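In what follows, structures are represented as structure tokens.
Each of the next two complexes has subunit A plus one more chain, namely subunit B in the first and subunit C in the second.
Presenting the complex of A and B:
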């Protein structure tokens, strides 16, 4: 599983990193760690539109996103 | 951390865009300059003038809208646990980006929001400006594709996060302590235009109240006029663009209702029809917004959330406005300022350097 640490990154970096990982074709499951609600919303929106399932696990100041290709 | 946010849905962003459009048109009806319901660039420029940072007598007024936008976003961030003091992502470069963005916006005569308000008011020169904005943002996406990155931010102290909201509270205190004296160009330390756009304003309480609402909603919805184009080019996402389109629809509908729609290229209020400079001013502004990750409004909302990097961009814009008017860079209704064209050339060069040299590893 590909893991991405997008904490501290502002738009559009988190989504760019996720899209790059998706486009490589090597990952059918991606785990992303983010620390802003904006990044959660943006990644979820793009991943859903590209046909990936999104599961968000909120932690204290962070959210772990599990993206799985349908 | 909260995950659900209704205003960040498609219907949420459309509603917020429409509300901003209607409220901006209403502010014009109540006294704000034509097609300038809330122009973040123009109003920061007016604030620079009110503080005497520039002495262009017709654009000096401490606009409560800017204060309201920031404090509304601050309240939303506090309410929903999103106030997060952070910074350290190339703050000095972000100051420069804000500085250059403002110069470009004042060559066109408006920020992206005002370009949309002008369009919704029938000023077709706005189409030229928006084409420039889209072009500048597109160039920005090319840099992003090539690995452009200003680096990550880190958590900062609360004091750092409070800087922009506290500056805004300070400005509000000045505005209340030194109220406008009818017909006088000064009140205490503040300058007040007695004619021109700076003399046109809605009542203080209305301006502040409306902007508080917009700031609150925009922080929740992440409304961003630059992001609308960027996400379309970069990710083929239309989410933010739907908000922008709703804003134009909202301002158009309200302008029709108030009788404020006047179509044409000629004789538009606080605008010029030199297509080259309308276009290239906004190319420069659009590229600067893209590299900095947000339009002027969004930067204020981020500053209200505790983002010190966005705060640097906002301060850069205010200083850029002062320099624009002191050095003859800003346009007027007659056209580009005497030094506007050379400023666009220098500014574009600096932006391209910033774009090429920042390829930090995330």
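Presenting the complex of A and C:
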């Protein structure tokens, strides 16, 4: 499983990292750690539009996103 | 900034076609302030706006920043009369020709708007910023504002939505960013002069320009100020090429998410695609104008705007507000 730490990055960098990992074709499951509501919203949008399931787990000031290809 | 640098840059600017007769002081004589003649019987409309670059080309950025600052005058039904540059520039790390290009873009757009450049102020700053303080003239009893909506007014919107999405994709250097920059430039550098003329000549009472709070946020400001409600149809909105695709790819800027979340109790979009609602609240730079038009004038307004090459559509209408209900309904 691919892991991406996108904490501290401003938009659109977290989305660009996730898109790159999805496009590589090497990952059917990606775990992303973010620390902004905007990153959660935008990563959720790109994931669902490309046919990936999204599960978000809030952790104190961060959110862990589990992305799984359908 | 170093005086020599600034002097060299200012010498490269084109001659101001609107200065003669209007500016009573000369920009070449280093006065402390400008004296500007104004027509008898007019009121002033004053506004200021400046921001960081949203495109990479400095001349285009200057044009966009100027068009954006001038837009507030047009939205009230005013005529731009004079303007002052506001510049932040890292003169120690960035070539001074970049500043010359930004100022030339601003000067060209200001001249196109018929306003005289009366001066400006510059600050050394690590981040480039540019904009204008603009003064317009307006007839004291004939202007448009946020608080003069009436029930049954038809909501006419100019320009296409999505500049925040395109600017974020350009900033992230997404594939095709040069094409996105061209699309953004063509829309954002366009003056809102034609809607301004329509507001003046047809006596439109309520209007505003679509900028940082997005169409949804600025429309809600009008509805709050007028204590009314509105229904709009997302399917009638003009969108910039790629805007919907970029929303699906997650390029909505943070400010646009904040716009929508801030207003979540003030709108109902239950039956509308979430991505379209995103675009309705996307923060716009130099966006179009919302005009509230009495039904009998709609055809005339649309014809005049379209004759001037504007994108213009009726997107909804104003209704009485039912207390306790959201003011804005967004239908598909």
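The criterion applied here is as follows: the second predicted complex is superposed on the first by the 70 of 70 C-alpha atoms of A that agree within 3 Å, B and C clash if a C-alpha of one lies under 4 Å from a C-alpha of the other, contacts with A are read in each partner's own complex, and residues count from 1 in each chain.
By our rule, a contact is a pair of C-beta atoms (placed from the backbone, for glycine too) under 8 Å apart; a residue touches a chain by one contact, two chains touch by 3 or more.
Note that this is a predicted model, so its numbers are computed, not measured.
In the model built by aligning both structures on subunit A, subunit B clashes with subunit C.
Touch criterion met: A:37 reaches subunit B and subunit C at once. Of the two partners, subunit B and subunit C, it is B that touches more residues of subunit A. Looking at the shared chain after the overlay, A:67 reaches neither subunit B nor subunit C. Of the two partner chains placed around the shared chain by superposition, subunit B and subunit C are both touched by A:13.
By the touch criterion stated above, A:22 is placed in contact with neither subunit B nor subunit C.
Touch criterion met: A:46 reaches subunit B and subunit C at once. Comparing the two interfaces of subunit A, the one with subunit B and the one with subunit C have residues 10-13, 15-16, 19, 36-38, 41, 45-46, 49 in common. Across the complex, subunit A is touched by residues 168-169, 171-172, 174, 247-254, 257-258, 261, 275, 278 of subunit C. The touching residues of subunit B, when paired with subunit A in their complex, are 1-3, 5, 8, 82, 84, 86, 89, 144, 149-150, 152-154, 222, 227, 230-231, 234-235, 237, 239, 293-294, 307, 309, 362. Of all residues in subunit A, only 6-13, 15-17, 19, 35-38, 40-41, 45-46, 49, 56, 58-63 touch subunit B in the complex they form. Within the complex formed with subunit C, the subunit A residues making contact are 10-13, 15-16, 18-19, 36-38, 41-46, 49.
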